[in-house]
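Chain IDs A, B, C, D, E and F follow the sequence of writing; residue 1 opens each chain.
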C-alpha cells in the first residue's frame, strides 16, 4: 500500500508552523501578525470609547471584526473590494464569524461601554485565513485589554479563557488538520472549528464539497480539531507570556 | 422537579407543523410555499439556459440561490434591502448556504449548461427561515427538473437523493429540535444542520451564543437533527408524490 | 362584423375577480393580500411612533409606501433590486404614486406624530400591480388605523372616505377596464386612475403608447374608471365589514 | 368681490414669457436653452450610432432622456445626486416622462439603429421644469435630426408632428395655466399635460394635493392645457424657422 | 524657420478672452458664469449656517467646492456621474483642489460658523475647466461674502486678497499660457497654477505627460503663470467693481 | 538664537531611514515593502495579459495603481473604504498620481499588450505614504518586468530610467526634506515631487496650507527634492542589485 502523503509532507494531525508576532504595527492598541505556514494575517485591535446604537446606555461593551484581503494576497490578483463598491458575501461571512467567536470569550459588562474592533487583513493567503485570523485576533484583543487594565480603565478582566480556531477536512479520504490551499482546493469536506481552552465548541462550520460526510468522519475531524486548538492555545499563551516593550 | 416546557408546548424532539404547498405561483418552473409553523417562505425555482462566466463551455450547469425577507415578515419592520442599497451580511451568508446545500445533491454535468436559481422569500418569520428555505427549495428544484425531463431537455436525472435542513439547539439546558423565534432568541446554542436522505451531513453550522457547548451536547443535537431531517425528507416525498395540474 | 373579444373573455367594462384577504400575515398592524385576477400583491401596513425629519415637532403624521416585486412574480425572472444595488426608476415611480394616493385620504393632524408605511410586494404579476396595490393598501391602512383607535392612541378617525385605483386603456380600438398583462402589452393607451368614494380624482396617469388619444377616448376611459372604482370601493367596504379575529 | 390675482399678475390662461434659444452650447448635435419665465433648462441632444441591447439588430432607433438639476437651481441648495450616490425617485420619474413623450413623436424605424439622448439640466428652477424640458428637448431633437438629414444619414424624417408640454392646476379655486413655483407650492391640484400639434394627448399626470378634483375642474384644466400647448407649438415652430449658423 | 503657431493663433503668453458674468442665476448668494474662451463654467456660491462635524463649536467657518460637468459639455457625451452611481476620481481631485484654493484666501474665524459651498458646473468644456472654475468661484464667493456683510452677519471681511488660476504647458516645445483643449491634448507638460494677488503660490500641479520637464522649462512656465494670474486678478477686480442690482 | 529643531532631530535636508525589502510576499510578480521611517507601504506588482478597453488591439501596454490604507495604519482608526462603499477622493487622487508617475518611465509599446498593476497598501502611516509608495512601486515594477524578460515574453526593456518621489515643505519657516506626520500636520507648505534619475520633473504637487509660498521658497524646496530623489534612486539601485532567490 502506498503511503498517504500531504502536499506539504506533514503528518495528518500536524499544524503548519505558527507565528504570533506581537506589536507588529505601532498605532493599534493590539497588533499581531499571525502566520499559519504561508498564510499571513495582520490582526489589529482598536479600542474606542463608544458602542453601537443598540447598546447605548446599557453599560455593556461590544467586540466586532472586519476582514480584508490585499488584492495580491492570492495567486491571481483579486479585485479590491473598495474599488468594487462594497464587501462581498465571503468577506461578510468571515468577519461575522470572527466577531461572534471573540465575543464568546468576553464578559461585555466587565468591558464597559467601549468597542474593540479587530481588523484582520490578509497579507498572504495559503488556506485557513479565517482560522488564523481568529487565533491572532484573540492575542491582539488580549493586548488591547491589558492596556485598558494598565490604564486602570477597567477593573475586572473581561477576557474569559482563550479561544483559537483551526480547519479540518477529509483530504483523499484521510481526515487532516489545518489544511493549506492545495489541500483545501481538493478536499471533499472542510470544517472550521472554533473552540475554547476548556475544549468547548464556540463555532462549527462544516461543508461537504464533494460528498456528504458520515458521522464517523465527523467524529475524527472533531478529534483533530480538539488537538489542534489545544496546541494553538498553548502557542498563544507563550506569545503573551513574552514581555515586550 | 418541574417539567421542562417549550413555549409552543412541543416535545423536545418534535417538529412544528410542516406545509409544502406546490405550484404556489404560476410563472416559476417550480414554486413552493413552505411553512415550518408560523415561518412561511416562498421558494421559486427558475431555469435559465445560461451559466455564469466561469462555467461557460464546460458542459456543466449551476444551481444558486437568493434570499430575501419582506420588510414586515418580522415583528418590527426591517428596512428593505433594495432601499438600503444592497444585501446585508446575514442575507449573503444565508443565500450562499442555500446554494451550496442544493448543489450538494445535483449532478451538474447531467443538468447541462443551464442555471437553476432558487429565490427564497420570507413572507412571515418565526425562526428557522433558512432551514425552511432549504427544505422548500429542494421541492421547487425537483419540480423544475421534472419539467426539464418532460420537455426532454435532459436525459439523466440530475437530482441525486434528497436534502432537507433543520435547526437544533440547547434551550434552557435541554437539546430541542426546530427552534421557533421565542426559543431561538433565548437559546445558548443554535445549530443549523443540512443532511441528505442517506443520513450524510451536507452543512453543519453551530454557534454557541451563551456558553460553549460540550461534546455530549453536540452528540445529542446531531441525533435530534438526524431525526428531524428524516421526517422532513419523508414529507418532501409525500408532497412530490401528489399529482398536480 | 366580428365581435370584439378581450383575451380573458371579459366585457369591456368588467373587472377581474377581486380578492381582499385581511390578516394575511400576523406581525403587521394591517396585512391584506389583494388579487385582481392573477395579479397578487401583499400589502402590509406598519405603524411607527416617529415621523420623517421634515415633520418633527409639527404634530402631524406621515403615510408612505414601498413597492417591490419578487424576482419570479413575472414570466421571465427579474433581477432582485437588492442584489442590483438599489431601486429602479419604475419602482420609485410606483411607490411614490401609492404614497401620494393614500395621503390624499388621511387627515395627518388627526393621525398624530406617527408614520404608516405600506409595503406592497407583488407575489405574482399579471398587469395592474400598482392599482391592485393602492386598492389593497387602503384596506391594510384602515386595519392599522382601527388598531390605533382600539388602543385609544387616536381620538378622531384620520381616514377620510375611501380610495381605490384601476387601470383603463384602449385595446384594439375599444376602451376597456382593468387591463391584464396581455391587454396591457398590446394597448395603445394606458391610464391609471385613483379616485375616492365621492367620485373625485386623486391621481390620473395616462400614457399614449401607440398613438395620442383624443378627447372623446379620454372621456370614455374616465367613465370606465369611475365605474370600476365604485365597484372596488364597494368590495373594500364588504371586506372591512367582515369581523375577524 | 375681490378679484382673483396670480402672484405674477398673469391672466389665468396666460403662459409665462417663453424663450427657446438654439445652439446654446457648441458640442451637442442640438442644444436649446428653454425658459418658461424664471425656469431655465438646458436641453442637449446627442446622437450616437448605437442602440440599447434590447433593440440590437432590429433596425430601430431609440430616444431617451436624462434629467438633472444644478444644486443651486433651487432656493435652498439641493445635494448633488452624483455626491449622494445615485439619482432619486423624482429625477427618475421625470426623465422617464421626458423620454416617453419624445418617443411618441418619433418613427423609430425611420431613425435607424441610433440613439438620441436628451440631457435636460435645470440651471434655474421656478416651477414647471419638466414641462419646459419636454418643450425645449423637442426643439433640440429636431435640430439633431436635421443634422442627420443634412449628412444624408437618414432619408425619411423620423419626427412626426410636434409635441409640447405645460402644467395646469387649480390655484385658490381657479384653474390656471403654467404654474410658477409660488402657485405650484400652494395649488390644490397640479397636472402636467403633454400634447401633440393635433391636439392629441400623449401624457396626462394629474395629482390632487389638497382635495380630489371634480370632473368639471378636470375639463377646465384640459381646455387650458390645450390652449397652452397650441401656443408653445407655435413658438417651437418660430424658433425652428429661424435660420442659424 | 517656420513660425511657431498656436491652434488659436494666440501669442504664447496670451490668455483666451475672459468673461466673468455676475448674478447669472437668481437663487444663489453668488452666481458667476466664467468663460475662458469656449470653456464656460457656472460657479454658484451658497452660504449655509452650519459647519461640518469636525468644526462644530470651534467658532470657525468652512469653504468647500463641488465640481460637475454636464454630459454634453464635451465633444463626445460623457456619462452622467449621478447615473453612474458616484463621482469619479477626476471630479474628486478637481473639487478638492478648488476647495483648498479658496480656503487659502479666507480667514475662517472671521467667517464665523457657516459654510460657503462653491458649485462649479461646466456647461461647455474646451480645456482649463478647473482654472476657470477657481477664477470664477472666487468672484462668486466675494459676492456671497458681501451679502453677509450687508446683512451685518459678519463684521470683519473674511476674504484676504484675491486668488486666480491658470494653466501653463509646453506645447510643441514652446511654453504657453492658458491651454485650450487642442493644446492640452497634445502638450508634453501641463501645469495648473493657483496664485494670489501678491504673487504667492497657493497650488502647483504639474504633470509631465510626454517627457520629464527640465528646471529651465519649469522657470519659464512659472513666469507665464505669474503673468496670467496677474491679468486674471485684474479682470476679477473689474467685474467686482461693476455695480449690479 | 535658538537652533531650529525637527521633531525627529534630523537635519533639514536629511531623509528618514529608508528600507526597500524585495520579495516581501510570495504570489506577486514584484513585492516590495518600502519604509520611509515609520511609514510602511507594501507595493505589489501584478502582470496580467490584458489591457483596458481603450487600448485593445493597439500593441501597447498599461501601467496603473491602486492605493489603500489599512484601517489601523493611522493613529485613530479610519473606516474601511470597502465597508463605506467606495474609495474616497484622497485615495483616488493618490492612486492616479502613482499610476501617472510610473507610466512616465515606461515605454508602453515595448511592454506589449499587458497591464502592470501596482497595489500600494499602507500598513503603517507616518507621513509621506504616497512618496514612499511611488518609490517602492518602482522597484516592484522592475522586478515584475525582469520576470517578463527572464520568461522571454518581452525583448526590449520597457523601463526607461528610474523614478522616485519625496515630499518637501516649509516647517516653522525652514524648508525641510521628507516630512514625517508631526511635520506634515504643522507645515505651512507641502509639496510632493516625483523626479527621474536625470533630474527631470515628472509630477509636482505643491499646496500652501498656511500661507502662500514665495518663489525663493519654491526654489529651496525644489533643490531639496532634487537631493532627496537622487539619494532614493541610489537606494533603489542598491536594492535591485542585490541578488535574491
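Criterion: contacts are C-beta pairs under 8 Å (C-beta built on N, C-alpha and C of every residue); 3 or more make two chains touch, one makes a residue touch a chain.
The shown structure was predicted, so the numbers you read here are calculated from the model rather than taken from an experiment.
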Touch-network distance, chain C to chain F, counted in steps: 3
Option in E-F, A-F or C-D whose residue-number contact pairs overlap B-C by over half: A-F
Centre-to-centre distance between chain E and chain C (centres being mean Cα positions), rounded to whole Å: 51
Computed distance of Cα centres, chain E from chain B, in Å: 60
Chain D and chain E: spacing of chain centres that average the CA atoms, whole Å: 33
Junction residues of chain B - those touching two or more other chains: 85-87
Complex contacts: residues of chain D adjacent to chain C: 86-90, 92-93, 95-96, 100, 104, 191, 195-196, 198-208, 211-215, 218, 222
Touch list for chain D against partner chain E, complex: 25-28, 31, 38, 40, 42, 44, 46, 48, 66, 68, 70-75, 77, 80-87, 91, 117, 119, 121, 123-125
